[in-house]
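Both of the next two complexes hold subunit A, though its partner changes from subunit B to subunit C.
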Partner chain A sequence: MAEKYIARSSAIAARQLGDEMMVMSTADSTFFTLNEVASTIWQAADGCTPLSEIVAGKICQQFDVDWARAQDDAERFVDELSRHGILLLSDQPLTESPVPVSR
Partner chain B sequence: MTTVATTTKAVSIEIGGMSIAVRTHDSSFRQLIEHRYAGFVGNSPSPHFEFDIDLYEPSESAPADDELEVKIEDGQWLLKRGDFRARWNPDLKHGQIRQSRSPYAIDCVLRIVHSLILARQGGFLVHAASAIRGGKAFLFSGVSGAGKTTISRLAPRGATLLTDEISYVRRDGNQYVACGTPFAGELARVGENQSAPLSVLFLLEKGLQNKIEPVGTAEAVRRLLRNVLFFADDPQLVELVFQAACEFVSVVPIRRLIFFPDERVWDIIA
Partner chain C sequence: MSLLAEMNQKALSLGLPLSVHLDITYRCNERCVHCYLDHDDHGEMTTAEITDVLTQLADAGVFFLSLSGGEVLMRRDFFEILERARQLLFNVKVKTNGVMIREKEAARLRQLGVEQVQISVYSHRPEVHDAITKLPGSLKRTIRAIRFLKSQGLKVTIANVLMAGNFSDQPGVIALSRELGVAYTLDPTITPKMDGDTSILNLRIPGAELRQVFHNADLVGNVEEFCAPPPAPGEDVMEGFPCSAGHTACYISPYGDVFPCVQFPLPSGNLRQQKFLDIWRHSPQLREVRSIRARDLPTCSTCAHVGTCTRCPGLAYMEGNMRGPSTTDCEKSFQRTGMPSANMLRQTGAGSAGPLIQIQCLS
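Take a look at the complex of A and B:
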């Protein structure tokens, strides 16, 4: 299975308030609220860490979930965000610098 | 041959402490503006921004409900609708408007300009009624039909109505201030030119009883963004408005107000 690499798009505005991460596309104003798992993936999206490593190293360990299921959910999540231009998705490491997260 | 000198006299319209002077050769149009914005017309010798207005005849323009376009090019905002064309350079503090005699055109330009000014300062215009009671301001936000005009009509004596349609929210240090605007809704009544620190923003819902419920942070931001007046799909502007909404929600309490439309609702508001 080909690796996937993800990076936060620069065409977004993001802010963490309390436990909630909010992300908005500056292209079409679509608004997302990320739960804890999604927020962990979002913050780890540095463009050079494969998604499978993010899932294994951060999601499975922190949330005590089965890798296969977590990977499946993560792929659906990143596919949706990439459709809205929130995340960049590639089968090669991404060179665009990830957007820092505002707190 | 007699030379007739024409003079332009500016009308300074002050909303939220921000004065915008509009200048026109046409004395009857100037009187129309002075009448329409009565209560908000000031004498500021140094307005923050100035606009020159040129009028054209109705045959030159398309209907006002032609789609509005707002975009920025080379540091200049370009505003266009069937009944007006405007340019505004915020750094030079000057703009030009070419419009029909309709007051709705200048209304629209003022709303857009104020929303752009506020965005830079962390404030915004929002679809909300607002009123002052006991020295504090309360906002009642919602889309058309949510009850903004109803809650405004039910306001008791002693409450000062700032607007029943478009509220002006300005950041003032660590707090927010709600200011009156001349932008009227169905009440067809210009608001009072007053301001007060903002106490609560209520998200309106009509119901069979009066109650106030908490609202989660994400829902508060989402609902606020849905009601903020937003005219241009400019990425920088979207970022500014988004951050302004997040900051606002972290400072001002947001509550859901479910209300039955009679005056007793004000007993639980303030």
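Take a look at the complex of A and C:
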């Protein structure tokens, strides 16, 4: 299976609110809230770290979940956000500089 | 409850400022007859100061940022400020008159990911609009700007302040917004000038015309529902807050002064002397605003409209008491439902319906 690389789009607004993250697409005003796990993937979306590494290194360690299931959930999550233009998704490292990490 | 309403509720429970309205200048290229601002520059924050403020706001949890003025483009560093705001991932709304926006500026606004641009239009007729802005040719330039912004795919809203002098042109502005393919919003509220001068209140639309607005299905949707008599207030209403001012929102002036809202000129701190979070968390003024529940309002808590009134605590403050009624909103509640407010009844003395008929006739 091809590796996936993810980067945060610059066409978004985002802010941490308690244990959730608010994300809004500036292109179509779609509004999302990300839970703690999704926020962790979001924060790690630097364009050069493979998704599998993010899942293994951050999600499995921080949330004590099985890798296969976490990887499956993560892939569905990034697919959905990429459809809304919130995340950029590629099977190659993304050279475009991601936006700064949201606060 | 919508996702945004849930986030607002969460911000309220966490004590976070979700929205900030930041005026980056009071300078303006128009001189609107109803404007409450002093357009002279009395020492605006520098680019570096505003950049620092933006960083503080992001750290404090602010998500929605309105950049306004005065006219924002009167600042040569406007795009530098906007770029920094977007780097910090704010959801940015820009309020402007559009006069200085051409292809290049529209493209830059789009490139920087501005969520919405709100533009003031007072009439579809140049002779009326330009007489209000006191800038010849302003309507033509504003409409041209809207077309540039639309061509970039930006979301644009026409804001139509209603006054006695342009009330009859309101359908024309709606038609113009439809022709341009942009959203339309109206505001019949005129506020006193910052120095307390109330002379511009004479520009307000009279009550009978306000009633027309509230009974216009094109503007309010379901008129029967919108103008229905208020239901008896429950305990939740009496424990409720009037609005987000000071709770999840605040206003910052070009001089770094912090207020609960742009319409609530209660000085609560200055960002040249204190950090934003110190002011937000510890300002005695903001704490006082937050402490007020509907049950604490001497007159309004006895009013039938208490649960549905748009009572603005800032307008009440400008009338002399932040716990008092806002007569502008009393008038709105009355014109919307036909039922007098407790404040109107108190002012007539007798509490009978007779004098209220006079209020309507006088207008």
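As a working rule, the second predicted complex is superposed on the first by the 101 of 103 C-alpha atoms of A that agree within 3 Å, B and C clash if a C-alpha of one lies under 4 Å from a C-alpha of the other, contacts with A are read in each partner's own complex, and residues count from 1 in each chain.
Going forward, a contact is a pair of C-beta atoms (placed from the backbone, for glycine too) under 8 Å apart; a residue touches a chain by one contact, two chains touch by 3 or more.
Every value quoted in this text rests on a predicted model; they were computed, and no experiment measured them.
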Fit-or-clash call for subunit B and subunit C when the two complexes are aligned on subunit A
clash
Counting only touches as set out at the top, which of subunit B and subunit C does A:S29 meet: first, second, both, neither?
both
For A:C60, select first, second, both or neither according to whether it touches subunit B, subunit C, the two together, or no partner.
neither
Counting residues of subunit A touched by each of subunit B and subunit C, the higher count belongs to C
When the two structures are overlaid on chain A, which partner does A:C48 contact: first (subunit B), second (subunit C), both, or neither?
neither
Can you tell which stretch of subunit C bumps into subunit B once we superpose, 8-16, 44-52 or 350-358?
8-16
Which subunit A residues contact subunit B in one complex and subunit C in the other?
11, 13, 15, 17-18, 20, 22, 24, 26, 29, 31, 33, 102
Within their complex, state which residues of subunit C touch subunit A.
3-4, 6-7, 10-11, 14, 16, 18, 58-59, 61-63, 86-92, 113-115, 155
Which of the residues in subunit B end up touching subunit A in this complex?
216-218, 221-222, 225, 230, 233, 235-236, 238-239, 242-243, 246, 249-250
Along subunit A, where are the residues that touch subunit C in the complex?
10-18, 20, 22, 24, 26, 29, 31-33, 99-100, 102-103
Can you tell me which positions in subunit A touch subunit B when the two form their complex?
11, 13, 15, 17-18, 20, 22, 24, 26-29, 31, 33, 102
